[in-house]
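The structures considered in this document are given below.
Below, subunit A partners subunit B and then partners subunit C, in two separate complexes.
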Partner chain A sequence: MKNIKNHLRQWRKNRSLFIGSILFLMLATTVLLVPYIIEMDAFTLQYEKILNAPSKSHPLGTDEFGRDVLSRIIIGGRVSLSIGMQVMIGTTFFGVLIALLAGYFDKVDMVVMRFMDIMMAFPSLLLAIALVATFRDSTFGVSIALTVVYTPRTVRIVRSQVLVLKGEQYVEASRSIGVAPLKIIFSHILPGVLPVLIVQETFLFAYAILGEAGISFVGVGVQPPAPSWGNILGDARVLLREAPWMILYPGLGIMCTVLSLNLIGDGLREALDPKRQKGKARTI
Partner chain B sequence: MFSYIIKRILILIPTWILLGILIFFIINMIPGDPVAIMLGTESAENAEIIRERMGLNKPIVERLGIWIFDLLRGDLGESYFLGRSVAQSILERIPVTLSLAFFGMLFSVIIGIPLGILASLKPNSLRDTSIMGFSLLGISIPEFFLGLLLIYALSLGLNLFPSGGYSPLSRGAFSWIRSLFLPSLSIGIIWSAYIARLMRSSMLEVLNQDFITTARAKGQTEYIVVMKHALRNGILPIVTAIGMIFALLLSGAFITEYLFRLPGAGSLIISSIKKRDYPVVQGGLLFFASSILLVNLLVDILYAFIDPRIKYGKKS
Partner chain C sequence: MAIQEHDPLLSVEHLSLSFETTESSVVVLDDISLAIGKDEIVALVGESGCGKSVTAMSIMRLLHSPPAQYKGGNIYFQGEDLLKSSDRHLRDIRGNRISMIFQEPMTSLNPVLTIGDQVAESLTLHNKLTKEETLKAVVDLLEKVRIPGARQRLKSFPTQYSGGMRQRIMIAMAISCKPDLLIADEPTTALDVTIQAQILELLKTLKRETSMSILLITHDLGVVAEFSERIIVMYAGQIVESASTRELFKTPLHPYTQGLLNSLPKLHNLETRLKTIEGYVPSLGKLPVGCHFHPRCSHVMPICRESCPPIIEIKQGHTCRCFLQSEACV
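So, the complex of A and B:
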């Protein structure tokens, strides 16, 4: 009990982490719970209500097909967040697995890192767009494509940590008493990469949300009628003069989510990894 | 040093061929038939003829061979729909992409470097906190959302700039700059946030070093200490970052190009993917990946010249 109190105090003292996690929890609960409380209809086309300004029955107005913008933003938020979450889980799984094997076994390293270098040479979102095109289900496709293009980043960061740990005395000691390599990797090295990994994956969640938004915005990501914050903005692009309310809220949704994740990442870095410099969370 | 450069260049060749093979397979996994899109509902008989003329009837291994062989001769193939070669259609659009990357970079440096220096001079002050707050916002806002807000305020609201479209330099420098102003500004603000963060932490590191204390102890004015002693060292990481950002902007600004309807190389790939114009997508991806590889190589070499501490080719 005392321990929990202590953690809570530390959490409150870490300003970035505190503000970031509160903001993120607020956003996530809104997106997840509101559809259970208020009835949401993001799909019904109502041609008599095209591009209505915000009103009592439609608090954020309606879009070019008369659909309720608030519902689309909430449901779209679910799509965007779940893609971000899937990409985070996917890159963690594959990134850590590849990094551990490559970092520990030199021969694997040669082959894998050559391949990773090639992947890193691609402009990530353009490659992701080409990959999304190979899937029939666009939402699932976006998750897979972003996982593929972002995994090398996780591999890079985790692998360099594995290389450091591999030289540590305790690892050498377990090797000398004959512990099996896989056991060394998973029970002695894996725990040591966790702090770096957690920070990296928080930022990756943010990238994934920005990435999804970007490719859906240009119309090659999540395909309509499924809403996502990116494709709502993409549709609203040409209606800027007629329906400015359609851009403001999904844009703010993306921005606040990414902001909260960046804050959490900064805070976690401060808490877990004080040596590294603050703030490097932006890629295209 | 010389042998290091040669080695780096030689390694590029197999990397490049692998790149070509990888791109070929990704593109050929895309479902959807370009011939069907081209013909619409016309007869199947014509489809066969066109497929043969495009070389799509050959087995995939043979097509891969042709693609790699043509690549080595510097031939990226013909576009299905544009009626010209892939290389030509990319090259035509390079001026747009380059000018956007250049002005975007210019804005981000002009805004980012001074902000970073200002923040580093009084760490944790109100000034530092607000600059870092701005930077955090800049890192978190999607570039197209910022672009839309800028269009709404400066183009639709105040009518200062066009909301989109490109006017080439040959039609006058003023309208050229005017058409690129908003897109470059939105890219610039976002990347300035990143540069400011980097500049701040780099300056903080330098300002804590002994030679700065010495310079101050000598009675040097604060201006000279910062601008002459600290900045020269603090700017090094920024040079690398600028190279990287420029490489990213060449390919990664496609979202901004799309938003502002600029006919750049990035938006060419988007429209080609939508039309299933495989050769253009293939060629475009290869072109961008190669340019990133080249810029990385140049930055590494340049860095070895700037920073005498780095010795390549020797194991430390």
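So, the complex of A and C:
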């Protein structure tokens, strides 16, 4: 109990983590829970209400088919967040696996990292668009495409940490008691990688949401009538003068989510990396 | 105790090893031969960078290759040739029959795993134990290395321990499977003198209880004098002299050994300055032609500059690599 209290105090003291996580929690609960409480209709076309400005019955106005923008943003937010989540899980799994093997085994490293370099050299949005085009199920397709595109980023960062930890004497010591390479990787190196990984994946969540918005904005991502923040923006682009509310609110949604995730990432980095802690001597 | 000619526990024969990179090749170990008998404590002494730790690592085959490359020789442990063993077999031997204590107790423990888990690792790796058995064994081990309140401390992390305690935990890990040979690579270098004495005393007690052999690597002759039965002196990748402790301190034959002993402070002789050996250890990449020690040797002869002396047995159990001695023999 005392421990929990202590953690809570630490959390409140860490400004960016505190603000970021509150903001993110608010957004996530809105997007996830509100549709259960208030009936949301994001799909019915109402031709008598085309491009209505925000009003009492439609707080954020209606779009070019008379659909409620608020409902579409909230339902679309679910799509965007779930894609972000899927990409985060995907890149964590593949990124960590590749990074651990490449970082520990020199021979794997040579081949894998050159391949990662090639992928990094490719314009990521272009690659994602090309990949999405090959998948039918658009939501899941976007997740896979973004996972492929963002995995090299995770690999890079985690691998550099693996290289550091590989040279630690405790890894040498575990070799000296006969621990097999794979066990060294997963029980001695992996735990040391976690702080870096957690921070990286928080930022990656934000990247993935931006990536999804980019792909859907261009029109190849999440396909209508299903809403996502990206394709609402895409639809609204041509109506910018007539219906600015259509582009403003989903934009704000993306901005707040990415901002909150970046704040969380910064806060976590400060909390997890002993070298960056303010006002605290580093204990070895 | 002289070298046990029959059936030593570990015998290294004419081992040569070099570090190879694309640009250069550096001979790190040159014709190393040593033997460790059962229940024996052997000390390997020498200055920094003369190849002591590499010798230890090469016995356990822990060196990464590249750059390390075995150039010749054999390492027999209980009759098996370790240089011909498979990786899997080596893993069975490491920690189980040969184990090692490292120089830096502060960095030898994984900071994110608990002490209990780390001590248990070697045990569970080499034995089939249930959870309760492991727990009991770990507590026993920690008590054996005199960690107070062992049971309560299983869940604590290395940062909560002092250097001496961490080294004792390393010892607990090393002896957990009752190895036949313990290689202690400068186990007390990073610790202060009182802790050093405790650790050595602990090793001695453990050795009496378990009758394991110890290869102690150190540059501290004071430690060696009271601890080991036999001393091997290394210089620039070669063994230059080997004898029983008593013999070596009484009649050192190699000029380098003599220099080392002369540079020790003596109680009854209150000189103001300590004697030193002139010069530095040569870099292994640029060894002098002939005897490696000749540029620093006070007894240097013309032949020393031309060829490297062979290592020969001067007396029963006392070998030396110096032309002075071979001249005397002839």
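We adopt the following convention: the second predicted complex is superposed on the first by the 273 of 284 C-alpha atoms of A that agree within 3 Å, B and C clash if a C-alpha of one lies under 4 Å from a C-alpha of the other, contacts with A are read in each partner's own complex, and residues count from 1 in each chain.
We adopt the following convention: contacts are C-beta pairs under 8 Å (C-beta built on N, C-alpha and C of every residue); 3 or more make two chains touch, one makes a residue touch a chain.
From a predicted model like this one, the values you see are computed outputs, not experimental measurements.
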Three-chain arrangement built on subunit A, subunit B and subunit C clash or fit: fit
Touched partner set for A:255, first subunit B, second subunit C, both or neither: first
Which of subunit B and subunit C A:31 touches, first, second, both or neither: neither
Partner chain in contact with A:172 - subunit B first, subunit C second, else both or neither: second
Which of subunit B and subunit C A:158 touches, first, second, both or neither: neither
Which of subunit B and subunit C A:142 touches, first, second, both or neither: neither
First (subunit B), second (subunit C), both or neither touched by A:180: second
Spatial angle subunit C-subunit A-subunit B, Cα centroids [nearest 10 degrees]: 90
Touch count on subunit A, higher of subunit B and subunit C: B
Touching partner for A:204 - first (subunit B), second (subunit C), both, neither: neither
Nearest-approach distance, in Å, of subunit C Cα atoms to those of subunit B in the combined model: 10
Touching both subunit B and subunit C, residues of subunit A: 283-284
Subunit C to subunit A touching residues, read off their complex: 60, 62, 90-96, 99-100, 102, 104, 106-113, 121-122, 125-126, 159, 170, 173-174
Subunit B contact footprint on subunit A (complex, rising order): 114-115, 117-118, 121-127, 129-131, 133-134, 136, 206, 210, 213-214, 217-220, 233, 236-237, 240-241, 244, 247, 251, 254-256, 258-259, 262-263, 277-284
Complex contact set, residues of subunit A against subunit C: 168-170, 172-180, 187-188, 191-192, 283-284
List of subunit B residues in touch with subunit A within their complex: 15, 18-19, 22-23, 26-27, 29-32, 132, 135-137, 139-145, 148-149, 151-152, 156, 163, 190-191, 193-194, 197-198, 201, 205, 248-249, 251-255, 258-259, 266, 269-270, 273-274, 281, 284-285, 288-290, 292-293, 296
